[in-house]
Every structure is written in C-alpha cells, then in structure tokens.
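Let me begin by handing over the structure; questions about it come next.
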Amino acid sequence: MASTIRVTVWNEYRHEQTDQDVAALYPHGIHAAIAAPLQASGFTVRTATLDEPEHGLTTPVLDTTDVLIWWGHMAHGDVQDAIVERVQERVLAGMGLIVLHSGHFSKIFKRLMGTSCDLKWREGNDHERLWIVAPGHPITEGLGEYIDIAQEEMYGEHFDVPPPETLVFVSWFSGGEVFRSGACYTRGRGKIFYFRPGHERHPTYHQPEVQRVIANAVRWAAPTSGAARVFGNTPALETGV
Amino acid sequence: MASTIRVTVWNEYRHEQTDQDVAALYPHGIHAAIAAPLQASGFTVRTATLDEPEHGLTTPVLDTTDVLIWWGHMAHGDVQDAIVERVQERVLAGMGLIVLHSGHFSKIFKRLMGTSCDLKWREGNDHERLWIVAPGHPITEGLGEYIDIAQEEMYGEHFDVPPPETLVFVSWFSGGEVFRSGACYTRGRGKIFYFRPGHERHPTYHQPEVQRVIANAVRWAAPTSGAARVFGNTPALETGV
Amino acid sequence: MASTIRVTVWNEYRHEQTDQDVAALYPHGIHAAIAAPLQASGFTVRTATLDEPEHGLTTPVLDTTDVLIWWGHMAHGDVQDAIVERVQERVLAGMGLIVLHSGHFSKIFKRLMGTSCDLKWREGNDHERLWIVAPGHPITEGLGEYIDIAQEEMYGEHFDVPPPETLVFVSWFSGGEVFRSGACYTRGRGKIFYFRPGHERHPTYHQPEVQRVIANAVRWAAPTSGAARVFGNTPALETGV
Amino acid sequence: MASTIRVTVWNEYRHEQTDQDVAALYPHGIHAAIAAPLQASGFTVRTATLDEPEHGLTTPVLDTTDVLIWWGHMAHGDVQDAIVERVQERVLAGMGLIVLHSGHFSKIFKRLMGTSCDLKWREGNDHERLWIVAPGHPITEGLGEYIDIAQEEMYGEHFDVPPPETLVFVSWFSGGEVFRSGACYTRGRGKIFYFRPGHERHPTYHQPEVQRVIANAVRWAAPTSGAARVFGNTPALETGV
C-alpha cells in the first residue's frame, strides 16, 4: 500500500449537466463534492466520469487506485461490460470499493453481489436517521449514535443483497420504512462498503457526518499487503508426515 | 411448497460418455447416481442434462423445481447465458440450489457468488476427511463427527468465494491442505449449498454419508412460502404517526 | 427428535398476579397465551413458572424439552444460577431457546450472548412495524412483508448483543428508533432466536402474526439428531498417510 | 485512542516457574516473549501476571490498556471472578482482547463466548499448517499463504465457540485434524481475536510469523473513538414527522 491511500471517485456525471437543480447543489459534479473533503483529509484523490474514454477507468488508473468510490444512477446501462469486468478483477485482487446510493443498481455492484440489488424508494421529504448498530467499527470513528439527514430520498426494505458480513447502519425513515444502509462485504481480497445516502437532489454530500463516513470507509477498505490468493494445480506439500 | 420436495438433478453428462473409467463408476451418469437415493428418500426427482434442449431447464421445469442440484466440469462454457440467467432468477425467487464439486466453476455459481470461485486442486490419491464444524445444523442430521472419503481429488484453499454465511464442513487432505467444503449462502429468497465432493473418477456419490448430506441439503434448501420480496416506488405508509 | 416437537413455555408470571391491567390481558398468564396457539399447531406444550420448585425447570423437564421459550421481566435476579447453568448446558447440547421481549435481560440470555444485552426503551404509544429483512427464512413462513403492531413498548438501538448470525426482522418505531428485533444465534448444538415483541401491557401475544413467528421459530430451533460434539484428548487418527 | 497503541500482555506465568523445559524456552516468561517483539514494533507494552495483586489488572491498568493479550492454562480457576467481570466491562466498552492458545478455557473467554469453548487436543509431534482463508484481512498483513509450525500441540474440532464473525486461519494437523485457529468476534464495542498457537513446550512465540499475526491483531483490535453505546429510557425523538 502506498504511504497515502489513493482514491478514485467515479461519477456518472449526467444529472449535473442536464438538471439545473442538481447543478445548483453540485456545480462541479457530485464527484468533486466527494473528492474535496477526502483531499482535505490527506488522501491522494482523483476523479473519473462516465463520458471519459474507458469511463476514466483505464488499467493504469485502476492499477494505482487503492479505493474506488462509485456514484451512478440514470446511465448504468452505458457502462461497458469490459470495464465492469476490469473493476471486478481489481476488487478481487484487493482494491477497496465504496458504492453510494443509487449505485446499488450499478453493473459492478450487481455483479459482485450476485443478486438483483433492488429496493423500495420514494422521492419526497422523508427524514432519515441512520442508527449505528456496530459501535466500535472503524467506519463509525468519530461519529455520534446516529446521523440525521433532514431530507432524503427514501430507500426501503426489502433490499435484495446478500446478508451483510457486517451491518454498520440501519436507517429509519419518517414514512415508515427501515433500510440496511451501511453494509460491509468482502469479495476476494477486496473490501466493499455500500452506503445509502445521497440523492442528487439533496445536499447530502455537503454534510460533514456523511463525509466522515466516506473517509472512514476509505481507510477501512484500503488494501493490505499480505497473503496473495494462489490457485491451480499443486503438488502434495512436503509435510514431513 | 408442494407436499413432497421436487428436486431436479442437473448434470453436464459428458465425462460419462467419453471416458470408460467414469462410465464404469457411473454407468447411467452422475445425475442418476445422485437421483436414485433422493427418490428412495421420498423426494420427487427429475434429471436434466446439458445436451437436452435448453439444457433440460425449461421454464416449466424450473417453475416446478424446489431444489436444483448442479454437477458440471468440462463444459461450463457450453451452458447458455440465457439459461444461467433463468436459473438465477429462480434462485432469487426462492428455489434452492446445491452446487457439487467442480460446479464451483459453473457460470451459475460464479454469478451468484460474485467472485472467481477458483481454488487449488490435485488429482491423486488424497485421503479426505470432512470435519463437521457446525454440529446441530440440519445439513449434518444423522451424521457422525466427520465423513471419511478414502480417495478423492484434493481441493485446497484459497477458495475464492465470499465468506460462507454458515460453514458446515472443513476438509482435511492427507497432502497438507484444508478446504471449506460445506458452505451455505442465501441470495434473494433462495438458499445455496456448496458441497465439495465428488470427482468423476471416484465412487463418491455411492457413499451413503455423501448421499445423506445431499438429502439433508435438499430439505434445508427447499423454499418457504412466506414474505415475497417487494420493490419499487411506494407511498408513505399510513402509520398513524 | 420426538415425532412432535416438545415445547416448554417458561414465564416469570409475576406481573399477571400483581397488576390488574396485565391480568386483564393475560388472565391465565403470558405463558398460557403463548402455549395455546402452539398446542393448536400440534406441538406438545408444557408451561413452567418462576415460583415452582426449581422454577419448573427440573432435569426431567429439560431432558424432554426440544425448545424452551423464555419470558421474564421484573424478577430476573430471582432465577437461581444453578438453573441458569442447567439451561445453558441443555442449549449447548441442542435444545432450542426462544427469548422474548424483556427476556433480553434474563440471566440465561446474557450468559449465552456474553454481552450486557442492554438497549433503549420507552413505554408509550409507539407504533411498531417489524420489517422482514431475510425473506425466505423459515421463521418468516406464511408472513407478509412486515408485521404491524398498533401499540407496543419501544426498544431502540443500541442493542448490546453480538452481531446476529441471521437478522430476520428490523423494527421501525414511530418515535424515531429502529431495532434488530428478530435475531438468530447458535451456541454449541443449540439454536437461539430472540424476538422483540411483547410488552406485558399490550395484547401482543394475541396477535396471529406474532403467534405465527413463535411457532415458526419453534420449528427452526428444534434439535437435529446428528453430529455430537466430541472433546478431549485424542490419538492421531489412522489416516493411512 | 492514544497515539501509540497501549498493550498489556497477561500471562498466568506458572509453567515457567515449575517446569524446567518451559523455563528453558521462555526464561522470562511467555509474556516477555510476546511483549518484546510488540515493543520493537512501536507499541507501548506492559505485562501483568496471575500472582500480582489483582492479577496485575487493576482498574488504572485496564483504563490505560487499548488491547489486552491473554495466555493461561493450568490455573484458570485461580483468576478471581471480580477481575473477570472488570475485564469483560472493558472489552464491552472498547478494549481489544487477544486470547492465545490454552486461553480458550479462560474464564474471560468463556464468559464472552457463552459456550464451553472445549476442543480436542493431543500433545505430540504434530506438524501444524495455518492456512489463511481470509486473504486481504488486516490480521494477515505481510504474511504468505500459510504459516508452518514444525511441531505444536494439536487442537481439533469440534471447537465449541460461536461461529466466528470472520474466520482468518484454518489449521491443518498431520495427525488428521483441522481447527478454526484464527477467529474474530465483536462484543459491545470491543474486538476479540482468538489465535490458536502456542503451547508452552514449543518455541512458537519466537517464530516471526506468529509474532507478526499478534502485532497485526493488536492493530486490528485497537479501539476506535466513535459511537458510544447509549441505553435506557429515552423520549420520543423530535423527528419533525
């Protein structure tokens, strides 16, 4: 692992260019809003977006990425399968992956989960409270008991993902729903964190607690240096038995 | 759920037709050897093989299958993606799936796991002992502390699957390896059990303890009748708040 | 396992004898209200209460109990440690245990969990909605997407238990809290299910969905016949290596 | 968390004073052999032993301990219950705990697990190979695929502990057994790691890979600063609903 963790923030970056309300909230794109506080925290941060060549996720970029953050919504289908496969390979080899909000329906998340990743949703004025159910987990470092978000899109159960290996947050929504909103997985050598907030029409990524969770998750998901996976035909070991 | 559990045993059925040693062990195919003791246990059992139309896994067949058993090895690539997708849909909707031995590399297992599903292996004369590490689990019903298989192909770690939700068996091999050889997962409403034995060149599926595990796993993986998954846009519930 | 599952419903049985409101809801005790629908479902059901000799949990009773259900609240401290130890031994040997509501603070549950089992609470008029997050799990058999309880005592996070091996229900409360309200554990050969409802001042155990969950949990927690735990000094196995 | 992690290595320290063979391997006690490489790694390290007042685990010591390491074997019964309770409280509040080898039978480990923690064993000349089954886990940092220990006491399944939340190592023994030899748990805010090696009559704690695992586990188990557990009666939150 490099001495500082190298983060690539990937964003679809379509809403911001077509919807004035979203552009007002995120004038340089959601990726820029996510990247800035990470940079301020001392990480080495790049961004990449859908409409760049190879979606900005060239092999050299991925080979020098410790943790990839993914935000997408309206154009999941435009992501090329070859790039999805490349990202999956890197995750299995150890790259961390943080999937945000509507990224639940991204090709890469569905591929790594093996399920539909579908859920309930409602755009409106729900109040969301994310309760920590794993106090002591590194992703909760520096937080209080819960995070309040005054207005957010609702996501409700059933969330069609495998049972999280560690469930960190459970959301309460004022409209009557709950949601497993912070969920840890491992796939190969890679660590994956799904984090439910933020809809593009809310200023969620400007909220310090949300930024803190993402920074904590980057540290948690960063790769380790040990124990490569070894496969294939192998002789009987000289065990001295 | 029907009053008896309806099982479909799927087999690639290629080795048995091209290799006399395999044919000697399994003259009617591995699927027949697996199906017979299940029938004797009172399950309703069908078989299906790769070279049948739609690999024998038509929509009517899958719609009347509670638990699907999968054995494949040399022809994983010949399984059509559309059928794989159909099977995945059925698993998410509740059908149980039991993946045997070299089925670890099948398209359906890799798709449901999200990983490479790779492993170490060695054909030879290894002695395998499958230790039960989850005593009390329904899949171990009626078994002793371990199952001994005098000669089997070795599969060794690292086995590149997500951490099992329940680890039932761990294998010891005389050549120096261990393997997580009985592993439970859920995907959607479906239950999945991976069970490591039997190589086509060993009489493993004729061994009563192995047959018992498969029958137990069928009962464990059979679908329940409750709690459909509901997704999509939803109004705020009338909670009376 | 006996041909029918043998259930013992244990109740502290103090509130009902000292509080007229509780007695009005449960005139024959909470244990009787829990036992009746289980009997109607075909289980063999006994009850036992705190003030009986050995709290009704003699060795012969426990030796013929497949699943023990536990309700306690105001007199946890009156349960003798020797009986707690006896119950623990039986759970490790395979007896199922279903702990209800305020039983979270019972000696037996704390001993099996290894944690404080503390939580937040509020008596009032909260509306509770228990969302199923594990569709397909046997404990959800026959249920819809959620269970609504018009009025219940609130239990909120943090619930100081080990991370559930399987999380089946998450409760939403109108006052702003969530709770992991259906949680599965294994200890030794025994299966344990904690189920959050019902406060003694609400008619919760008369609600059919709640009765259904308890009956499902009894089936899930019933012991299997296989794989005893074997411990102690052992010779090297004759492995033929 | 302090700027360096503060470790207390606790040792029963009886074998070394009564058995010349053990004393020859660990002339200053097992605790000293464990402490030295941790000190060299930059941790702040103290030791404590059974025969000190309060077993060396006074409240001031525990209050300034981030991670406690525990080795005991022949005198588990001599550890006072009040000290066990004090350690448990600290673990629930966030202190890490690393339990080594025969510490599986310590009062503190049994209390935190809720099970008998029993296992199989054999003193002899077994060869142990600890396979990593969680590559990428921080406890495996800097290791290869497995750790070979030329001679060790055998521990075999069934190991009567709750299913590990993360299983890191599985041991292969030349005599025919397997063992879940590296197991992660959380209890309250505290992280617990059980690590199987080293018997007092083998030079296991002088082996660099074993020292590396312990140092990695210390980093993994160190407490975080966030999200205290809050319990008790609570008003309905002003949710603006």
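We just call them A, B, C and D in the order they show up, numbering each chain from 1.
In this section, a residue touches a chain if its C-beta (ideal position, glycine included) is under 8 Å from a C-beta of that chain, and two chains touch if they have at least 3 such contacts.
None of these values were measured; they are calculated from a predicted model.
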{"item": "Labels of chains that are neighbours to chain A and to chain D", "value": "B, C"}
{"item": "Same or different contact residues where chain C meets its copy chain B, judged by the half mark", "value": "same"}
{"item": "Chain C on chain D, rotation in degrees - Cα superposition, rounded to nearest 5", "value": "180"}
{"item": "Inter-chain centre distance, chain B versus chain C - centres from mean C-alpha coordinates, in Å", "value": "33"}
{"item": "Between chain A and chain C, centroid-to-centroid distance (C-alpha), Å", "value": "37"}
{"item": "Touching two or more other chains - residues of chain D", "value": "129, 132, 134-135, 145, 156, 158, 163, 165-166, 174, 176-177, 186, 188, 229-230, 237, 239, 241"}
{"item": "List of chain D residues in touch with chain A within their complex", "value": "94, 127, 129, 132, 134-138, 140-145, 150, 165-166, 174, 186, 188-191, 223-230, 237, 239-241"}
{"item": "Residue ranges of chain C touching chain D (in the complex, touch as defined)", "value": "88, 92, 111-116, 118-122, 124, 126, 154, 156, 158, 160, 162-163, 165, 174-177, 185-188, 229-237, 239, 241"}
{"item": "Interface residues, chain B side, partner chain D - complex", "value": "129, 131-135, 145, 156-159, 163, 166-167, 170-173, 176-178, 180, 241"}
